[in-house]
Every structure is written in structure tokens, then in C-alpha cells.
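Comments concern the structure below.
Note that the chains take the letters A, B, C, D, E and F in the order they are written out, and that residue 1 is the start of every chain.
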Amino acid sequence: MGIHKFFTSMNDLERIIRAPGKFKFEEHNVAAHSWKVAQYAMFFGTLEEMGGSDVDWKSLYEKTINHDFAEVFIGDIKTPVKHSSPELKQMLATVEEKMMEKFISREIPEEFQAVFFHRMKEGKDGTLEGRLLELADKLDQFYEAYAELKRGNTEPDFIQMYEIALTKILEMPLKKSVAYFRDVILEDVVSEKTAVDVKSLTMRILNRQED
Amino acid sequence: MGIHKFFTSMNDLERIIRAPGKFKFEEHNVAAHSWKVAQYAMFFGTLEEMGGSDVDWKSLYEKTINHDFAEVFIGDIKTPVKHSSPELKQMLATVEEKMMEKFISREIPEEFQAVFFHRMKEGKDGTLEGRLLELADKLDQFYEAYAELKRGNTEPDFIQMYEIALTKILEMPLKKSVAYFRDVILEDVVSEKTAVDVKSLTMRILNRQED
Amino acid sequence: MGIHKFFTSMNDLERIIRAPGKFKFEEHNVAAHSWKVAQYAMFFGTLEEMGGSDVDWKSLYEKTINHDFAEVFIGDIKTPVKHSSPELKQMLATVEEKMMEKFISREIPEEFQAVFFHRMKEGKDGTLEGRLLELADKLDQFYEAYAELKRGNTEPDFIQMYEIALTKILEMPLKKSVAYFRDVILEDVVSEKTAVDVKSLTMRILNRQED
Amino acid sequence: MGIHKFFTSMNDLERIIRAPGKFKFEEHNVAAHSWKVAQYAMFFGTLEEMGGSDVDWKSLYEKTINHDFAEVFIGDIKTPVKHSSPELKQMLATVEEKMMEKFISREIPEEFQAVFFHRMKEGKDGTLEGRLLELADKLDQFYEAYAELKRGNTEPDFIQMYEIALTKILEMPLKKSVAYFRDVILEDVVSEKTAVDVKSLTMRILNRQED
Amino acid sequence: MGIHKFFTSMNDLERIIRAPGKFKFEEHNVAAHSWKVAQYAMFFGTLEEMGGSDVDWKSLYEKTINHDFAEVFIGDIKTPVKHSSPELKQMLATVEEKMMEKFISREIPEEFQAVFFHRMKEGKDGTLEGRLLELADKLDQFYEAYAELKRGNTEPDFIQMYEIALTKILEMPLKKSVAYFRDVILEDVVSEKTAVDVKSLTMRILNRQED
Amino acid sequence: MGIHKFFTSMNDLERIIRAPGKFKFEEHNVAAHSWKVAQYAMFFGTLEEMGGSDVDWKSLYEKTINHDFAEVFIGDIKTPVKHSSPELKQMLATVEEKMMEKFISREIPEEFQAVFFHRMKEGKDGTLEGRLLELADKLDQFYEAYAELKRGNTEPDFIQMYEIALTKILEMPLKKSVAYFRDVILEDVVSEKTAVDVKSLTMRILNRQED
């Protein structure tokens, strides 16, 4: 149907709820998540640029706002499924890619297809922008889990989500960003009043990193 | 953790929403769906029994209440994904099965494992009970789509869902049940006041069947 | 209108919320509740069968999936009302029964009426299946209250609901089931991290039982 | 516990949903309903006063804001139940009254009990204020049903609710109010664009009245 | 359009959520809030009357049920905005007033305009009824914040809301009401089990008052 | 508190609902809206670039993802308020700006303040990027209204919102984009099955434009 179809399909992402099936005090949809990821990337991109790196801003913003578009086809498949085996994760990635391709060739007018193929492909590559996307994506997971723990959600899933996201952030090959996150942002995080003891959990993860 | 873990995981199915991402006036969760499927099966099982068939009731009820339990691991993956290719559908079935197995061997005490393996395996086989499960499952899809059309949901997805479910029901190898559905129930369905013209849609599908 | 009317009335039970008027972090509908009750019954029925009892599975499953169907007429009347006086409880039971009868004679085709009357009558009798239904129904109340306490709901209503449900479960004349619940399941329950101190509450109730 | 208990119990009425179990595009709670009833009464009381009647405003406002307080105990029992038999309706009225009495004698400090008993008793008596309460209460039912029909809700329940409420309003012994409603307000109602044909439905009811 | 327009606009207030944008475990709409304010006023008006004051009940009830009607035009503007500067607060008050005037002159039939202008004007004046309105309005803010703290909401916004509301209540020039609130109601408030430590917070505010 | 405060304030925008107080079948939050605006801008920016214009992509994306950030302070004030008078609109713009400034100077570390001031200022200027932002913002209003009309929402507010948004889009000084929207996208829009007659409404607006 063309671009109209593409535009209306965005509305579907407002109805795809992240971490489906888990008890949570507040739900987040994939559209709002994508916006927050773009915002985090804006900040850390600025930080890296101040530190002397060249940021391809067009690429960075397109990677962030497009990175979960394929969930329109496959939904937010539960993370444990994605990670249950490397083969499965690979399979699901292939499916997403195939459905994206089908969508583009069927719905997007020919003159725009090349641009769409380029923009909608997996963005988490080794470039600075790819790494910033990964950091920003993990950071939103970190904040989603943090907000649940803060309000007293005792489900192990969110403790685990917090732990995995924080660990991955601290290990990202983005020196300046990670240092700022650890030395400045995390300080503020652990100083907040929370229902579940986020501070001890965080300290344990930080200490493990330093070994 | 044992049976406690199994019991609490049922709560997750109350949060898995069917047909995720599609606009709908009313949401349905997988737990409530499973109950409705058991109810439909109770009725059509009775009908078949009245017609002279032997119904294995224990098997029928267990098939229905357990048939979507695996969605606790994988969510309600969007139907177009499932049907995008036979390979993909097969892959996803394999994943579900693997995760079910892992869950049983890890969480269910040994003395109950055999029973659980038996009960949780795919129920839509060629037995009378397997066919009744399939009919009942499709019937709930039929009613979910019908309720949306009745209230004025004009999304093509629900028209298509109605069409596919109705077609499959009419083709089920369950003579007595299908006849009753077509001659009695469908009559009542098309006589209701609806926002989208369900009657014409239904007639078109019925006529196609008769060719 | 017939069976179509019966089928669509099930949808109403997806909108009847349990414990109406009380603050809760998560709502449960009567349809999903009925499914969970069938699942609990499946487990404890298995346990009793392993212990040498004869289980009438058809009866057990029908009792569980049908036990709250009458709420379609009367809603989930607040428990304090039901228990405010024996007369009142009796009155409400009579009302439910009368409305059920009226529904069956008006909506259900004659050839199915006998079956429906039989299936929809109050299932909590003294049979093994009736007692398993009662256990399973109380267990869902137990888990609903538990989930609220775990997340920090400090309303006295849920503490009381937990207490009443647990006490009734422990007193059920189902030796094997109660023993397994107390010795195995409850162990796992009290070992979870909870916001409200469920462990002490549970211990107090257990000790009271032993006196 | 005293007045604090009374104040917090009002919060419960924000969670009691009217017409439970029925499909509706928008839910209404009993607290908001009570406010709207007070507002309708304010208008029609003014109208009656302009027409020369003496309005006891204190009584009118207290009747309206208190008229559904007892639902805190018994919930919004489904209307068909209330009307299934005169005995049942009477029984439920008795229960509500008894629970109200118990609440007042237990929770309200002695010095306020007389005032509370007076205010919380059934307000729909034959006084001008009692009749204005009844009109206002029916009018909110009328508007709730109207809003559903306007948006395309085809459930027979709401057509019936519209019909019953409108009929009762037109028959209220409140000459000036009913005339204004019929000649002015209803004109505006039927001139709105609606999904279900409210105009014809209204005309049919009006014509029936005139016979 | 007339009174029909006025009546339907009340429905809009059921959709205006208080304290928009803040995380909360339970939402409250302006219609239900207005009802609760009328109820609090009923109690404290009674108390003042018992203490020998003359209460103009008609005025008191009309002030309470109408005090937030103007939010139908402007929404529940976030409190920090209202208080960011006296000029801004004044500006917003002017806007509300202007829109109210426009609404009345456009929608309300001429014969009722004077009454509406009188009833819809800002009610928090220095009269006994104006002060009772202010007390009741603050009390609902107090209870909204209290309920969140009780359930474990650690957002500073609600601690601040609790603090401001409680402080203002204690300083209201309504001797009898404030004494009863402080000596009786607050005692019950601080004796409840809460997730956030409301008791210490309350004591700190009370002590500050006494200096 | 720094960047942590900025990051968590984004979560507030997930709770600010657009067009508060109006009946709608589906709610949209400001965070998801901002993401959709960035997506529309990505498409029309591409179109303009293909037509030979130079697009400053960094500026375009930052304008879109930041354009409603100030609603975190003031909420989504109802559009009729904004447009009730030019003075009022100006006042509200000033308030937003002042609160943004206060937020930045208080929360954002000094080294980032200049960047934030630049990014958060009103983006709808006369530049190509400013005009693309305006087009994209109106387009989301267009699609929000369209989705409501399609599903049968008969509220005049959404018809008016559709009309205003469409009119403004057609008048935007962005020749290539407007032509593509009118000639290609709008064709697809009016060919969809809708409950309210969107096609005639659109044709009327298009004809008016051509005069």
C-alpha cells in the first residue's frame, strides 16, 4: 500500500509491550522505548564528541529510532527465548530480517527501497554509532528494571535484567561514556530511596567488574 | 523450585495478550482463552458423544487447558510470523518444545515429570480429542474476531482472522460438530446487529465452501 | 438464543473482576481464575491418584471449569457480603441457582438442558472431586493474596484473605494434598523475597493449626 | 477506626465499576457517578425552584452524594439480578441496609452516628428531593447508555438500559423537569451524530409514551 | 448547544487524571475527586455546626461539587507549573475564568446564566464555606499522597505533596476542624502499616508546626 | 541531580497523554508521539533531499525528538486553551520556556548547558528542518484523528482535529512533501474502510484548498 502503510504500522509499535508476561508496575511500549534510546544516544554521542571522536549523527539517530522497527512483525519476544540458545537467537534474527525484507519490497515504493533497506538493517555493528546504539538500548533496560526495583517489584526477572544490563553497559567499548555513567550517573542512581536494595546490588556488580 | 514455580507461572499467562500489536476494542489473555477453549470442547464433545462417538474426557480437558501453556516461554508470537513460512513455523514449534522440556526437567519434581511431559506435549493430533481441541481453539479465534467486527473494528487483520478461523472450522473432520456450528450457531451469529457487515462476509465464505 | 448465547456469555466472565473495590496491584478475571483452578485440580488430582484414590476426572474438570459460571449473572459479590450472615449467604446462593435455571431453560436447546443442569450445579460437595474443587478454589485465593503481599500491598483485606485461604486449605479433608502443600509448596512460598513479611504470617497460622 | 476509615472507604467507590461484566467502550466508577448525579440534581432543583417549588437544598445534595455509598459493601450488583424478582430486590436492599448499620455503629464515633444514620438511609422517597434524586440517577444511566450507543456499542444491554432509563425519566412526577428534559435536552440528544441509530429508538419510546 | 452540552462535558472530567505525568499506583479523576471533596466538606461542616457555627449548606455543597469544573477547559495543569511564579498562577486563573465565561455565555440558555456564573466562580474565599472547601480540597490531596506512600511509592513528588497538604491543613483558620483532624484522624493515619515511613514524616511536620 | 534526573524525566513523558479529557478509543503518550514525528521527518527529509534540497539531518532529528520535551513541565495543555487567544498561547509558550531554562540551569551539569539550551529551544522555525518538524507534528495529529474516525469515534473534537491538521499540512511551504502527501498518501488514506465517512470529509477539505 505504500508509505501510508509504513506510517500506520508505527501505531502497532505503541501496542507492543516490552517484557510481556512479567509482572510490572508500569508498562513500556516499543515506540516510547525507541524515543528514549534516541535521547540517551544524543547525550552519549555529545560526550564522545566532546572527547574528540567524530560522530556520524545522521547514522546514530537513524540507528536508534529504527533499531526495533522489526518488532512490528515479531513482537517483543521474551528475552529468555532469545537467549535460550545461540541457534535460536540466530533463527529469530533471520526471521525478523526476512519479514523486514518482505515488508519493504511489498509496501515501500521502489524509489525508496534502497534507503529503507539500508536504514532498517541491524544497527548494532562495531562502528562508534553501533556501539552507542547498544549502550543506549541497554541503558533503557537498566532504567526499566531500576524503576521496578525502586517501587518494590521483587520478581527475580527484574533483578536479573538490572544485573545483565548494568554488566553489559560497564563492559561496552566506549571509554568516555562508560566512565561518565559509572562515576556520575550511577552515583545518583544509588543515592535514591528505593524499596528493593538497589545500592547493594549495584555495588556487588561493580565489585565483580573490578576483579 | 518445584510445583510452586509451576503454579506461579500460570499468573504469567494472565499477562500474555493475544494478537499483540493489533488494535482491538477488548484484550484477551491466554489464561482466559484456555478456559473458553475448554468450555467449547465440553459442548462439542457432548455433541459428538450424543452422536455415538467415544470421548476420552480426561484427555480432552487436559489437551484444552494445557494447549497454550508453552506461551509462558515464547509469548503469543504474532500469527503472520508463525505462518510466514513452514520452516519458521517448525522452528518456533521446536523452540517451544525445547523450552517446555527444560522447564519440566528443571522445575518439576522427578515423580511428576512423566505426567507433565505427557500432558504438555502438542495436543492437536488426529484423535477425536485432538480434533475437538483444534475446533475449539479456532472457535475462540472466530469469536474474538467476531466481537471486534461487531463493534466496528475495521482493521483488515480481524476480517482476515474471522475468515481464516471460519474456513478452518468448516473444514474440520468433525461432521456432527461442524454441522451444528454451521446450521445452528452460525444462524444466530449472522442475525446479530453488527457494525461491520459480518453477515455478507460469512455468506461469502459459506458459498465458497460449497463450491 | 441457544448455544451462541452461552458461548458469548463466557466473554462476560473475562470482565468480572475478582475482589471488586479493593486496591490491588494486579486484577484477575473470573475466566482466568477458572482456568487456574482447573490446573491446580489437575495437579492435586494426580497426587491423590498416585496415593491410591480413584479420581473421576471428567467430573473434576467439569466442576472446576464451571464452578463460577453463575457469576455471569450476579458478579463477584464482595466476600464480606457473602459472609455477613448465614441467611444472606443462603439467599445469594438461591438467587444464583434460580438465575442459572432460568438461563438454561431459556437459552439452552432442550436436548442439552439435562446435561447443563447437571454440570452447572454447585460442585463443592463431599465427593473427592468436590473437595479437590474446594482446595483448588481456595488455593487461587491464597495465591492472589500472596502476590499482593509480596509486592507490598498493605491492605488488611489481603492479609485476611491470605489467612482465611491458608487456614481453610490446611483443614481440607484431603490428607495427601494438604501434606504436600504444607511440606513442599509452602516451603517454597515462604522462602521467596516479599515486601510484606509473609513468612512470619504463615508461621503464625501454621502454629495455630498445630495447637 | 473512626472517620479515617470512613474517608478511606470512599476510595473503594472509585474502584467499583458500574454495569460490571458488560462490554463498554468507557468505564464509570460509582464515585464519579455520584458527582454527576449531584450536578444533574443541582440543575433540575434550580428549574423546579424557578417554577415555584421549595427545594431543601441541603437534603437534595446529601441525598445525591450519599445515595450509592452502600455499594462500598455490596458492589454494583448487576441490574438483572436486582430486578429478577421483587423478593430478591428486597433482600438485597435489606442486606445493604444491615451492612450500612453495622458500619456506622462500628466505625463512626457515637456523637456522629445519628447524623450518619439519617444521611445514609435510602434517599428515593416521595419528597421533591427524593424524586429529584431518582430523576438524576436515571439520567446518568441514560447518559451512560447513550454514550455507548453513540460510539457503536451494539450490545442489547445498552439499548435496553437506554430504553428503561428514558421511559422512567419521562414518567417521573416532576412536571417542569420532565418537560424541559423532553422538549429541550432530548432535542439536542437526538440531533447528534451517532453510530447506533439513537434517534429512531428515542422516537419510538416517545411515541409509546404518548399513547 | 445548551444544558445537554453542559451535562456531557461532565464526562470529560472523568477522563482528566490528577497529577498527570507522575508515577502512581492508582489514578484519580477530577469527577471522583470532586465527590470526595463534597463528602469531606459534609463531615467538617457538621463538626463546625456542632461547634456553634452557622453553615450555609447550599453554598458549601455547590462550592465543592463545582470547584474544579473549569479543569474541563484547561486540564489538571501540573502543580509545579501553577506554583512556578505568582504571575503564572494568576495568568492561569485568568484563563480558566475567561474560558468558563465563554462557555456559559455560549452554551447555557440565558435564563440560567446568572445562576451558573455565580456557582462556577472560584469558591475558595474567606467565608466559612470557602475555608471548608479549601480544607476538603487539601484533604483529598493529603489522602492521595498518603495512599501512594502507604503502598511504597518512593517518588519525591508524593512526599512533597503529602508535606504541603498536611502543612496547609494544619494552618487552616478552622479551629474545630483542624483540631479534630490533628487529634483524632491523624492518630489513625499514623497507626496504619505503611511501606514508606509516613509516621516519622508526619511527626516531623507536626513538630515543625509547634515551634 | 544531573543527567540521571534528565534521563528519568523522560519516563514522565510516557505518562503524559495527548488530548487529555477527550473520549478516544486509543491513547497516545508524548514519548511515542515524539518517536513517530522523528520517523515522519526521516521520510519527508529524504524526499526533500531527493528533490535537491540540503537537509541538516542532525538538526532535523534533534528538533523532532526534543520538540515536546517541555511538556514534562506543563503537560499536554488542551489545544482549545492554547488557541483561545494569541496572548494566552504566548503566555504558555513563555512559561514552558522559563521552566525549561530553570530545569537546565538546575539539573544539567555546566559543561552541557549550552548544548541543552540549543537543543531544547522551540524548533518550529523557518528553516527547512523547522518546517519539516511542523509537517511531521501535524501529520501525527492527522493520523491520531484519522484512527479515531476510522473506528467510529463521532466526537466533533476529532473531526475538527482532522480538519485543522489536514488543512495545515496542505498549506505547508514544503512543495515536494505536500505534493507527495496529497497525491500518494492521501489516496491510500481515503481508500480505507472507515466507520465515519473520512473520504467525504477529506474531499471537502481538498476542494476548499483548491479555491
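Convention: a contact is a pair of C-beta atoms (placed from the backbone, for glycine too) under 8 Å apart; a residue touches a chain by one contact, two chains touch by 3 or more.
Chains and their UniProt names: A, B, C, D, E, F = 5'-nucleotidase yfbR.
For clarity, every value in this text was computed on a predicted model and none was experimentally measured.
K.L.:
Using the touch definition from the top, how many steps at minimum link chain A (5'-nucleotidase yfbR) to chain F (5'-nucleotidase yfbR)?
P.N.:
So the least number of steps between the two chains is 1.
K.L.:
Chains shared as neighbours by chain B (5'-nucleotidase yfbR) and chain F (5'-nucleotidase yfbR)?
P.N.:
A, D
K.L.:
Mind checking the centre-to-centre distance between chain E (5'-nucleotidase yfbR) and chain F (5'-nucleotidase yfbR)? Centres are C-alpha means, answer in whole Å.
P.N.:
The answer is 33 Å.
K.L.:
Give, as an integer number of Å, the spacing between the C-alpha centres of chain E (5'-nucleotidase yfbR) and chain C (5'-nucleotidase yfbR).
P.N.:
Whole-Å distance between the two chain centres: 41.
K.L.:
Averaging over Cα atoms per chain, report the distance between chain C (5'-nucleotidase yfbR) and chain F (5'-nucleotidase yfbR) in Å.
P.N.:
The separation of the two C-alpha centroids amounts to 50 Å.
K.L.:
Out of chain C (5'-nucleotidase yfbR), which residues touch more than one other chain, so two or more?
P.N.:
In chain C (5'-nucleotidase yfbR), 11, 13, 23, 25-26, 147, 152, 195 touch at least two other chains.
K.L.:
Among line, ring, star, complete and other, which best matches the way these chains touch?
P.N.:
Graph shape here is other: it fits none of the named patterns.
K.L.:
By the touch definition up top, name every chain pair that qualifies.
P.N.:
A-B, A-C, A-E, A-F, B-C, B-D, B-F, C-D, C-E, D-E, D-F, E-F
K.L.:
Where on chain A (5'-nucleotidase yfbR) is chain C (5'-nucleotidase yfbR) touching in the complex?
P.N.:
Going by the criterion above, the answer is residues 23, 25, 152-154, 195.
K.L.:
Under the stated contact criterion, what part of chain B (5'-nucleotidase yfbR) meets chain D (5'-nucleotidase yfbR) in this complex?
P.N.:
25-26, 147, 150-152, 192-195
K.L.:
For a test of understanding, state which residues of chain A (5'-nucleotidase yfbR) touch chain B (5'-nucleotidase yfbR) in their complex under the given definition.
P.N.:
11-13, 15-17, 20-23, 72-78, 80-81, 84-85, 88, 91, 95, 98-99, 102
K.L.:
Under the definition above, what is the set of chain F (5'-nucleotidase yfbR) residues touching chain A (5'-nucleotidase yfbR) in their complex?
P.N.:
Contacts found on chain F (5'-nucleotidase yfbR): 1-8, 10-11, 13-14, 26, 28-29, 31-32, 34-36, 38-40, 42-43, 46, 50, 57-58, 61-62, 65, 109, 111-112, 115, 119, 139, 143, 147, 180, 184-185, 188-189.
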